[in-house]
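There are two complexes below, and they share subunit A, which is joined by subunit B in the first and by subunit C in the second.
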Partner chain A sequence: MVDRNRVTRRVFGAGVLATGLVGGAASGFAQGTPRRGGTLVATWGGGEPQACYVPAGGGSSPTFSSSKLFERLGNRAMDGQFQGELAESWKPAADFKSYIIKIRKGVKFHDGKDMTVDDVVYSISEIWKKYSAASALTDFTGVEAPDADTVVMTFSKPVPEFFFSSLLCGSVNYIVPKHVYAGSDPVTNPANNAPIATGPWKFKEWVRGSHFEYVKNENYWRKDMPYMDRLIIRYVRDPAGRAAAMEAGDIHIGVFNPVAPPDIKRLTATGKFVATPKGYEESVWSTTLECSMRNPVFAKREVRQAMFHAIDRNFLAKTIYYGYARPGTSPIYSPNKEFYTTDTFSTAFDPKKAAALLDAAGYPKKADGKRFAINLLAAGWFTENGKIGAYVKQALEDVGVAVNLSVPDRPTSIKRIYTDYDFDMAISNQANPSEPVPSTTQYFTTDGIKKGVPFRNANGYSNPEVDALVEKIKVETDPAKRKALVFQFQKIITTEAPLLPILELESITVASTRVQNHSNDPNYLAASWYDIWLAS
Partner chain B sequence: MQRLEFIGRFARNRGALIGAVLILVVALMALLAPLFFPVDPLRIVGQPELWPGEDPDFPLGTDSLGRDMLSMIVHGARATLLIGLFASAVATLIGVSVGATAGYFGGWIDEIAMRAAELFQTIPNLIFVLTIVVILGSTLANIVIAIGIVSWTPIARMTRAEFLALRDREFVQACRAMGMGDFRIIAGEILPNALPPVIVLSSLVVAGAILFESAVSFLGLGDPNVASWGRLVGDGRQLIRSSWYICAIPGVAIMITVLCLNLIGDGLNDALNPKLRDR
Partner chain C sequence: MAGELASPAAPPRIARGSSRRAAALRLLRRRLIQAVPLMLGVVVINFVLIQLAPGSFLELMTAENQVSDPATIELLRKTYGLDDPVWLQLVKYIWALMQFDFGFSYRQNRPVIDAISDHLPATLLLMISSITLALAVGVSAGVVASVKVRTFWDSLVSVAAMFFFAAPGFWLGIMLIVLFSVKLGWLPVGGMMTIGDRSGAAGGVLDILHHLILPTLALGLFYAAIYTRVMRSSMLEVAQLDFVRTARAKGLSRNQVTISHVLRNALLPVVTILGVQMGTVLAGSVVIESVFSWPGVGSLLFDSVSSRNYPVVLGIMVLGSLVVIAANIAVDLVYMWLDPRIEIR
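So, the complex of A and B:
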């Protein structure tokens, strides 16, 4: 559900943890009486989107710009509870093969027309199924509206409740107006660049190369919201430029690593800004390392394990990410309250063990001190990946594996990893929500091998045991049993080691201390920001 | 005797002399790099971001990963000079071949060659280099080829102009009358006379090539398996406000080298241009 078609450059903070990050973040939440009116200017750590709204997601940039206008059926709160947004509630049928959704009454689109169950049915069958949630809705059979405030979604197999709730809250699973989109190709509909939706903000203008201007939706269904009159999303290509604009008071809040590490430190030291890692719990980024199963040297899992044993993940987290990363231990990330487990196979830093595993696997050091040679590709969309590549090269050479490193630019990296499969080992990134199916599992299952589709199973790993287990996870409706299955999945994957996250990355929001009610959603970049306000 | 006279004229240009001495030092550094620093310069050897002088083991400090700056500068001299020389050689080879053919034969060959040169000249050089590197892949050889491909046009034009001026001189006509073949006339008779200004230009192309390589590496498209100065500047860019020495040290090295190459170009011009002989 989380779309990563467009990965942008991130910057990471140095030493902010030490300068009262946690204390500062507290001031981001409600204080005193909200002040009404005014203009909030926001930015993010990337560039302008290809369109204001992209039905398939299109990456973080259009998600950021469209999520202030569109709304979803549900939303996940910071404490993990699912709550209704455009839906009032939803519940499964006894067999979990259908779900009944109660739709909120009295919601109007920005053009004044009422939002009805027809819009919901249209959005699910024409937008979710075909674009935004195509890989999650494989067992979806249909959707209908038995009455004016109920929608029923049916499936061919049982669907776990957590999976279903996550689907309703999926970052671009919006409810779009049928009267605007019906009969057109949603991908090229001109409304994508001037959306009509139900959210707290109304589209006013897009000045290309500069900013979006949104104004308050006077008919918003949440009474007396939003507090502010205008929301501007400004794009500044350069992190140093963003820092300068924030300092000058031109930009109030920047999500997803808006400024360079030394600038985070400098800005927070003035006392006029806070930096917080909150608001990314449902979109955790990681850096992954994978071994191509197409190269026969990686046929034995001991060889793959040895590759991971050779790497000091703590060093990477500390040196390359200045502490803004943690060593990865499992394909499910540690902020995931539902499914993360520490009961996994550990491939911790141990070069001696790596060497012993390689010796035992039939790859002793030859006369030149090398066991075998590989091509390592580090995807160049984050500059940090190139540095990680340089370290991994050295670490593998220390255990006798000759490495030729390449760090291609973004399009070439995507093509070489996900279309040409032109690598022996690859360093890439992914961002996943808590629900593991399909975002996480499609990196490991046989049906995740889709040549040319970015951010899927690129290493060719295919294991009937894993495929069967994922099928079980898909349909297990008992939360406790499902959890046990996901734990089992993590154990198998960490033992098999075709692809493992070596780092879990921390994303940072920087905001002026004047900004109130921010970072209060587990995917804050994709939240509607209806309750944000600016203190005087 | 003639050679001594040449050196004398070259040395009369003080700048050129200083440039030549410094380049010699850099070249020596490049040659002896494995002797002084036998370990791979891209190895992580110490604490990251040690400032110059902070630790006597690393006189120029360490970069953001903890690699020895001095070792990378010394080894980087190797990569940087090699790229400069080879790229200039590629450009000179293409440029002289095209220019000589066009200038000597004239007519439609000249037309085609010069239109082709104009085509190359109208494409912004850096963007052209980046495009070629992205398509061919970021290896040292590809970067050299890419720089060679964009740098040949001035050499071709210069060579052509020289050939146009020389091809109808008496000594060439005498060669023709003797029945000498075209290739022998071009390579054996006209080229040696046309060469001096071309050599000056080639020395400047070396400097240009170093700058191109630096720009390519700065933008993260350099060969990641090789320590070059441009790459160091690029790596340090993110830390420019906190650890600026990571950018500054290789930046100064690039500046000095390029400046010296330009000074040498001036000196060569003085030494090779008979009209300036007694300036």
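So, the complex of A and C:
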């Protein structure tokens, strides 16, 4: 049974995420008696979504807009504990091949209809399995509702409890109304642009190019919540425009890097704003560098290691991200208290070692000072990637590798990296939750090589040892043993170096000091914000 | 189109009374006929250019929806008509356009015309207000500079025109926001209306006008600078012509000569430029809309290009071309009204 005590004991052990998160409490945590009423205006560091809700996720923008309306079965608290949301509890069978989920009673959709086990069964079998969690539910065999309060999910192999709890809390693994979606194509259902859900906010209006307007759900199952009457999600394309709007008081809170780093310092210096990196522990972003195994040059592990030794990650963090980043050391990111380890192979900045490795690998400098030439692609969806690309080009040329850099736009980058495999090295980005399977492991396993599917194994790395290890991680139900396996995975990957995060990015929320109860969820962009309020 | 004047060598034909109306109708008919191949060219060129761009909306859509099954991708390709040869896709698109069907945006799950209709009024409002401002300021400042030539006022107008011509629109926009919204708090930072404003129709119009001021200034002042320079030199040139000297000799006051004789004739180059620049005003609005979060076609176009949402991109190009063609026809008609001696070929 997943209640607060048991999950803490079984899955997390002592301490878990609490250390360093709650300890340095953000100023967004509640101060005083919550004030009811009013309108909160929020924004984020990106553009308007293609639809308010995209069943497969569709990226951060629709996740931000839909997560205020929809809810999941479970949620993860800042202290690392899993807790029920639309589920009251869940527990595994003795063989871990099935899980019993108790559904919360008294929950209504925004149109007044009751949420039932039928909605849960439909959401899992038709939405999760086909769209939002397809890659995680490979061993899923079925779901049924034996009674009006219970849903049972079955699997062909044992499923670790941490994996299952993470699945229930997956950022877009929502419970959708069967009576709205059944019999339709969920991807093109008109309700995606005016959703009916169970969350604290009800959809009212979408003024395209401008904002969403949500109003308080008077029938919300959490008693007397939300505090505020209205939530506006406003879209401002230009970061400078967002900074000005916040300064003028038009926007109260911006998540996921709403303004440029210099503006963060300027706004917080006024004393009217706070900036916090909290609220991104379950969606840590990184900048990755990967070597295509399709280029024979990178067949030798020493060459791949040399590429990483040539790059000064501290320099990148300080100059390109103004300190809002830190060097990446492992495919599991440092905020991941369950699985991160420092016991990895180090490819720290050491150009001399890089040169020596290349010499030893059979690529000495030729008469023109070059060893070999590569095509480096920096995915242009983040401006910083182009700057990192320019640095990496110089750094590699310093050790005798000629680099042809290109920085294509988002669609072209996706096509060239994940469909055409048209790169020798690529600078890209990932955002991963704590559970490493499959979001992290699919970048390294052979079954992660899926031509045309982005954010998987594009470099063609295939290692039977890694594949076997990941299969063990998938089914190991003992938390301590599973943790040891993930540590082993990190050691192998950092040594093999087909793809490594060169930077862990620090995402920032900027909020007016009037905003209370913000940044209190480890994936705050995707949280429902049911308890946010605005001080007078 | 505007600017295609009768050769200076040929004696001007002066249309009078009802024949002027007939000439205008002839012009309108001719321009409309010319617009057909022009539009066809716009559609073909844009269609081909979009096809040449790497990446497709299908790839992006399957990426965002994590679709990896080749059979599903092939089914989607067929559903969206992408399995047809490019020439057939083009023919189908043109055929649909002839029936006023701009296609369907699968990314937004709605007809293209609906997607554009949500944004077009905002862009047209911004364009019209900016052009109006540019004309009003440009013509006035140009007249003042020419009347007060080689004085302090002339220098002031020239320096101001140079400044607004050189200042990038996005920079000017941000500076206006910092000054009037952040520091003084007089005007809104962005958007087209106050969210949740319930002040009724009249209040709503005032609210929109309030939001319109800064983006209009940011977009319009650049064009005002151009019109100022053109108007000044045109005024000075016309003032040297014989008919002006004759008007003065007949005893007309300086103001009468300036307004009734010089100004009207000096406007012709400004009107010519106005027609030519209609397309650049539309393009300029893309940047200004971004700075001011103005919910116009610019932001939709930006998103659509970024997501390779070809039906919407093409729809905007076609509608944008229609707006530019219509504006140019209007300019031609204004041209005829301003100078009856001229018959535009």
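We take it that the second predicted complex is superposed on the first by the 511 of 536 C-alpha atoms of A that agree within 3 Å, B and C clash if a C-alpha of one lies under 4 Å from a C-alpha of the other, contacts with A are read in each partner's own complex, and residues count from 1 in each chain.
The definition used in the following text is that a residue touches a chain if its C-beta (ideal position, glycine included) is under 8 Å from a C-beta of that chain, and two chains touch if they have at least 3 such contacts.
As the structure is a prediction and not an experimental result, all values here were calculated from the model.
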item	value
Partner chain(s) touched by A:G57 [first = subunit B, second = subunit C, both, neither]	second
Which of subunit B and subunit C A:D409 touches, first, second, both or neither	both
Subunit C versus subunit B, contacts on subunit A by residue	C
Partner chain(s) touched by A:A136 [first = subunit B, second = subunit C, both, neither]	neither
Contacts of A:M115 with subunit B and subunit C, given as first, second, both or neither	neither
Partner chain in contact with A:I196 - subunit B first, subunit C second, else both or neither	neither
Partner chain in contact with A:I473 - subunit B first, subunit C second, else both or neither	neither
Interface residues of subunit A shared between complexes with subunit B and subunit C	408-409, 412
Residue ranges of subunit A in contact with subunit C within the complex	39, 41, 47-48, 50-51, 54-59, 131, 134-135, 187-188, 190, 192-193, 207-211, 213, 230, 232, 234-238, 240-241, 244-245, 247-248, 250, 408-412, 414-416, 418-419, 450, 452-455
Subunit A - residues contacting subunit B, complex	11, 14, 260-263, 266, 319-320, 378, 380, 383, 386-387, 389-391, 393-394, 404-409, 412
Subunit A-touching residues of subunit B, taken from the complex the two chains share	40, 42-44, 48, 64-66, 134, 137-138, 220-221, 224-225, 235, 238-239, 241-242
Subunit C residues touching subunit A - in the complex, by the definition given at the top	53-57, 59-60, 62-68, 73, 106-110, 115, 118-119, 122, 170, 174, 177-178, 181-182, 185, 188-192, 195-196, 290-296, 299-300, 302-303, 306-308
